[in-house]
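Below, chain A partners chain B and then partners chain C, in two separate complexes.
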Partner chain A sequence: MTGWLARRSVDAVISAAVAILLLVALVHIMPGDPLAVILGDRPADAATVARLRERYGIDRSLPQALGDFARGVVRGDLGIALSEQRPVTTVLSDHVGPTLLLGSLTLLINFTVGLALGLWWALHPETLRSRVMSAATVVGYALPTFAIGMVLVWIFAVQLGWLPAAGSSDPLLAADAPLSRVLLDRLAHLVLPLAAMVTATIAVPIRQQRSAALAVAAQPWVRAARARGLSPAVVAWRHCWRPALTPIVTLLGLWLPMLVSGAVLVESVFAWPGLGTLLAEATLNRDVPLVIGAGLLLVVAVQLGSLLADVLYRIVDPAQREL
Partner chain B sequence: MIQRIILACLLGISGALTPATSACAQASTGIRGTVVLAIPADVSVPVPVVGLPYTHVADVTDQLFLRLGFLKSSFRTVGDEALTPMLARSWRRVDSLTLAFELDPRATWHDGAPVTTHDVMFTWRLMVNPAVGTDHTVIEPIAGIDSTGARTFRVRFRRTFAEQLYLIGFNLQPLPAHLLERIAVDSITTSGYAAQPVGNGPFRFERRVPGEFVELRANSAFFLGTPTIGRVVFRVIPDPAARLNLLLSGELDVLEYVPPTAMPQVRAKRDLRVVTFMSNLVLYGRFNTRAADDTARAHPVLGDRAVREALVSALDRGVMAQRIYGRNASVPGAVQSVSWSWIRPVRGTAGAASRAKVRAALANAGWRDRDGDGILDRNGVPLRVGILYPQTSAVRNDFALQMQAMWRAVGIDAHLERLPGPVVAERLNAGRFDVEMGSVNQDASPMSLTQSWSCASAREARSSNKARWCNPEFDRLLANAMIDKDPVPGYRAALAHMARETPAAFLAAPYNNIALHSRFENVQVWPVKSWTSLWQWRVRRGAELPRDR
Partner chain C sequence: MTRTAWGGAALAAILLGLAVVGPWIAPDPLVMDNLATGALLPPSSAHLLGTDQHSRDVFSRLAHGATVSLTVAVVAVLVALVIGATVGVIAGAGGTVLAASLRRITDLALALPRIVVLMVLLAAIGTLPPLTFAMVIGATGWPAIARLVRGETLRLRRAEYVVAARALGAPSPRVLWREVLPGALAPALVAATLGVADAILLEAGLSFLGLGMVSPAPSWGGMILESRDYLHVAPWLLLVPVTALVAATSSATLMGEALRRFLQPDTP
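Up next is the complex of A and B:
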């Protein structure tokens, strides 16, 4: 296992390096004027333009840009974000928290409640409740996330006034408010975006788990277990669930980067100060240092997700350990 | 353990551990009232001169930093009486090229240090530093600033013009030299000062939670009077729909430019009212008059004034403006926002000419449908124009769609080029476009027309005159107006000439419909620097909300 993990980690580092090189090169050739975000509509003479290009490092050739980026990564300096005029690392650290919170809770709910519902559905295929679940997952999956978000805001914030409409905290709450109030405030702001995210995404793990569990349920060892008179719960838990986890692990590996990339539409509807909208804005604004910095974070997240999925494969599927 | 992790996560994540500052100190001053506004993007550097040049940044910095003077209610920018004293107590004319200022001796920075000429000199040096990127049309007419005492200084101009006072008095917002002069220019935006700026205005900086809000508190020692609003919160809400939701849910107190479609919802809320103020916004479809590949040559289609006129006459601009702004917009004849009403408005023709008339005009210019495909052509080349605009602007998209439909109806192959902002900027700077669907928040002074519509600006590589429109007669009229003691007739003549020359289809000059909570009194919103009078707003007695106390 240790040797395998070391080899796999080296592969991950090489893949990440290649991805980053490609990212820097692509951003370098991307059309658009990065100075537009600094200057806005202000006219500027040639000396000012040259000075600003030099200051923000957008006057460099691709090899120079790659060299600067590599040196910067070593020093922990990813440059200055044009749209914020602050270090990229500071900007990213400001926004990564809300994204991690929303993303991790979404994954947690999807891969606990979602998997349990999927398994239950597989074991009760022809009941009324399973048909309701089928319809609900289709609707949840089909509706655009922003539409779900807008409806939730309209009902629970605008009409009922139960929950805040946007943001991740109440700006009117005093900075020295008691901890309990701060926590309640954070939770209140979290409910609607989380509900929107979960509603829009939970259908996938439910349906994946159901399909996998149905496939496993047809296997001879499951029939044998039933024939031995084991209870349905024991059959489900001991004989169906674990073998049915393999496709779910794949899904988890694919979704882990979402923890970092954020959900642009949900963040936009709820003015959630996460990385998703930040990265989208940075790309639209051709904020080269910020796009590359956020890209670096994403590449690392993808590689970690992939590595974690491989490790989990080996845990849930003993056959993998022999490969 | 898990509970502790969740606790730590929730706390750490949204900046809840921002250190408590002197927020509560306000309670004892008797100042009441909180105003919650929305801004479309974060203001990470709330410092004028070095911060980004956007309206939402100025919305915040104008609460923290004073100008030497501010416009009077007429918004006239001409003459030595154009401004009301703010940081400068007085000024006097020394000669036609020199103005002498005296700073108000009561003015102090929020840390207690006095505001002095040294601050003015420092800020001026910063403004002329190319690393800062100040609008060169502001600094170019000024030859220099000389210190004449601890609180007095003289501004020398390169030439005589009627808006000298406005140019320096409105555009100079001094920064504290004692806090900044030891910081390298390139490092100011990343310094501790930028994170916790010290200003001299009616509000002082309290805290900023990145991506969420900026909070300001009343400066109870403000030398022009104690603010009647205790706290201002600028919430960062990029999405217009989210802004509207916040207003309707009562979490926001003010919303600018309420779209007509949202009016029924706003009016249905009894605690909201809609007030219409002047605006400095103009929307236009600007024609590129020079060829994309060689700016020395005229644009093959739009270089011809007759074609431009026909294109404008094909548009029912009244209908276009009404669909988007309801009744709250006029159709200007030239680039003239409502805030320039002190120059008598040059009106445009709202309605469209008949299709036959437009086609006849285009036929006179050589454009006919010879191959019967419904598109006009000349020498085998179809009459095709692209409408370029940034993909983020919904209003421009609405205008562009209407423009496209109306032009297609008369046989012009109009196509939309809805692209990311920086790509639009790159193409505009390179002159690679036909029609720019643009908008401008006009400067208070028509003098700013030189930035965007003069021959000099047409020759500059990166000016605001993206269409490279050059009309010597317009330049002459504008130059004469600028040096005239009463430039109003001259400005009007220049704008009327622009209307005749049709460098653009001027589409709408909207008013600013502001929805605000009905508990506020003494509300004044300015067309330029909207929230300058925020410190004088009041909360009606008995109508306070919990957040006002």
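Up next is the complex of A and C:
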């Protein structure tokens, strides 16, 4: 296991490095003058332009740019964000927390409620409710996250006035407010973004768990368990569920890219102060160092997720360990 | 065909009708005919779906937006299909080094969230004209198709009819083009149909962020973005484009699922 883990980790690091260098190279060869972004409409003399070109490393060749970027990463330096004139790493670390909160709660709900619904669906194949579920998950697959978010805002914030429409906390809340008030306020701000994220993504685990459970239910040992007179609940939990978990672990690995895409749009809808909103704003401002920094973080997260999924896969499925 | 497939096809027909005929019968989406009293009017016989904050007809914007959204989506998927199929076949049948490196590149590209790649590109270049934008979306969609086609190519290379063609002396490129590719395309076509929904969502999402189609050009994502400030007085500005968007993506998903059941009956 340790030998395999070491090989797999090296693989993940190489993949992440190549992916991010590809992104940097792509940006480097694209047309578009970063100086236009920095200067805007302001006039500038030749000396200033030359200094700026030097400072932001605009005239470097591709290998030079890649080398500088790689050296920077090793030192923990991702350059200066153009729009905020602060180190990219500082800006990023300010925004990681809210994204992790939203992402991990979405993950938690999807992999508890979603899996339970999928299993239930597999065990009750031909009922009216299961047909409703089938239609709902097909539509759910296709639902645009940001559109759900906007409709939720319209219903619950504008029409009913129950929940706040944007942000992660009330800026008018007194600094010395009791802890319970603060927590309640945070929770109220969390409900709508979380609901939008879950609605848009839960169809995938439901459908995956259903098809996995259906495949397992056709196995001889399940029929044998039923023939021994075990109750349906025992058959479902003891004999169907664990083998039906294997494909779900694979799903975990594919999960992070999906969460990331959802987060970019949902966070923007709700002005949630996380990486998604940051990435959208940085792109609008054409702040290339910041966008690349956020990209690096996401690439690393995705590689970590897929590594974790592979490890879990070997734990859940003993047959994998010999390979 | 099942009922759901008919539903998907009917939705698609309505939207295509809107995209093709709409711009001819609807008034110009840029006309602001009555700025003083005509803004934010609810749906009526004069304006079927109401007017927006600049007194522009919402139905016109929806119809012209349909043309833009659907064209962008179809072009993007075609680009993804062509690149993906080419890369997939070569990765499945090419020489060892070439095939292995293409496989690695595909896996890497799959691990990058499409929207992030697109945002990095848009940050570097700025906004793009519709057709270029569509091709860039397509250029990020090929890895999923390449992986499917590669898998099928590997499987089909050992199929009896391919071995027979080779034994009859057909040159390799001909075997790949005439025998392997048509068989390997079935799952790719399913993925491409489902991919139309992704492309529509990417275009709408990026336009919603102000990065895709930029106002005053009509697009569904842009309409949703602009509806934000008028939710309390003019909710139809949000509900109309959202309905169209959900109809378009559901239609593509339903037809993709139907196509999957038709082309690959043995997959669940």
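The rule we apply is simple: the second predicted complex is superposed on the first by the 305 of 323 C-alpha atoms of A that agree within 3 Å, B and C clash if a C-alpha of one lies under 4 Å from a C-alpha of the other, contacts with A are read in each partner's own complex, and residues count from 1 in each chain.
The definition used in the following text is that a contact is a pair of C-beta atoms (placed from the backbone, for glycine too) under 8 Å apart; a residue touches a chain by one contact, two chains touch by 3 or more.
Given the structure is predicted, the values throughout are model-derived calculations rather than measurements.
Engineer: Clash or fit: how do chain B and chain C relate after the overlay on chain A?
Structural biologist: Here chain B and chain C cannot both sit on chain A without a clash.
Engineer: Which holds for A:A282: it touches chain B only (first), chain C only (second), both, or neither?
Structural biologist: second
Engineer: Tell me the contact category for A:D45 with respect to chain B and chain C: first, second, both or neither.
Structural biologist: first
Engineer: Based on the superposed arrangement, let me know which partner A:V299 touches: chain B (first), chain C (second), both, or neither?
Structural biologist: second
Engineer: With both structures superposed, pick whichever of chain B and chain C touches the larger number of chain A residues.
Structural biologist: Looking at chain B versus chain C, the one contacting more residues of chain A is B.
Engineer: Figure out whether A:V27 sits in contact with chain B (first) or chain C (second), or with both, or with neither.
Structural biologist: A:V27 sits against chain C, while chain B stays out of touch.
Engineer: Go through the superposed model and pick first if A:D176 touches only chain B, second if only chain C, both, or neither.
Structural biologist: Once the two structures are laid over each other on A, A:D176 reaches chain B alone.
Engineer: Name the contact category of A:E84: first (chain B only), second (chain C only), both, or neither.
Structural biologist: After superposition on chain A, A:E84 lies in contact with chain B alone.
Engineer: Tell me which partner A:L5 touches in the superposition: chain B (first), chain C (second), both or neither.
Structural biologist: Neither chain B nor chain C is touched by A:L5.
Engineer: May I ask you to decide whether A:L62 touches chain B, chain C, both, or neither, giving the answer as first, second, both or neither?
Structural biologist: neither
Engineer: Could you say whether A:H95 touches chain B, chain C, both of them, or neither, answering first, second, both or neither?
Structural biologist: First partner only.
Engineer: Does any part of chain A touch chain B in one structure and chain C in the other, and if so which residues?
Structural biologist: Residues common to the chain A contacts of chain C and of chain B are 31-32, 150, 153-154, 158, 268, 283-284, 286, listed in rising order.
Engineer: If we count contacts the way the header does, which residues on chain A are in touch with chain B in the complex?
Structural biologist: 31-52, 55, 80, 83-87, 91, 94-95, 97-98, 100-101, 150, 153-154, 157-158, 161, 164-169, 171-172, 174-176, 179, 182-183, 186-187, 268-271, 273-274, 277-278, 281, 283-286
Engineer: Please output the residues of chain B touching chain A within their complex, sorted ascending.
Structural biologist: 7, 9-16, 18-21, 23-24, 34, 36, 41-42, 44-45, 50-54, 130-131, 133-137, 186, 189-190, 194, 207, 209-213, 215, 233, 235-239, 241-242, 245-246, 248-251, 391-392, 420-423, 425-426, 429, 440, 451, 457, 460-464, 547
Engineer: Given the complex with chain A, which residues does chain C contribute to the contact?
Structural biologist: These residues of chain C touch chain A: 4, 107-108, 111-117, 119-126, 197, 201, 204-205, 208-211, 224, 227-228, 231-232, 235, 238-239, 242, 245-246, 249-250, 252-254, 257, 268.
Engineer: Going by the contact rule set out above, which residues of chain A touch chain C in the complex?
Structural biologist: 15, 18-19, 22-23, 26-27, 30-32, 135, 138-139, 141-147, 150-151, 153-154, 158, 211, 214-215, 257-258, 260-261, 264-265, 268, 279-280, 282-284, 286-288, 291-292, 294-295, 298-299, 302-303, 306
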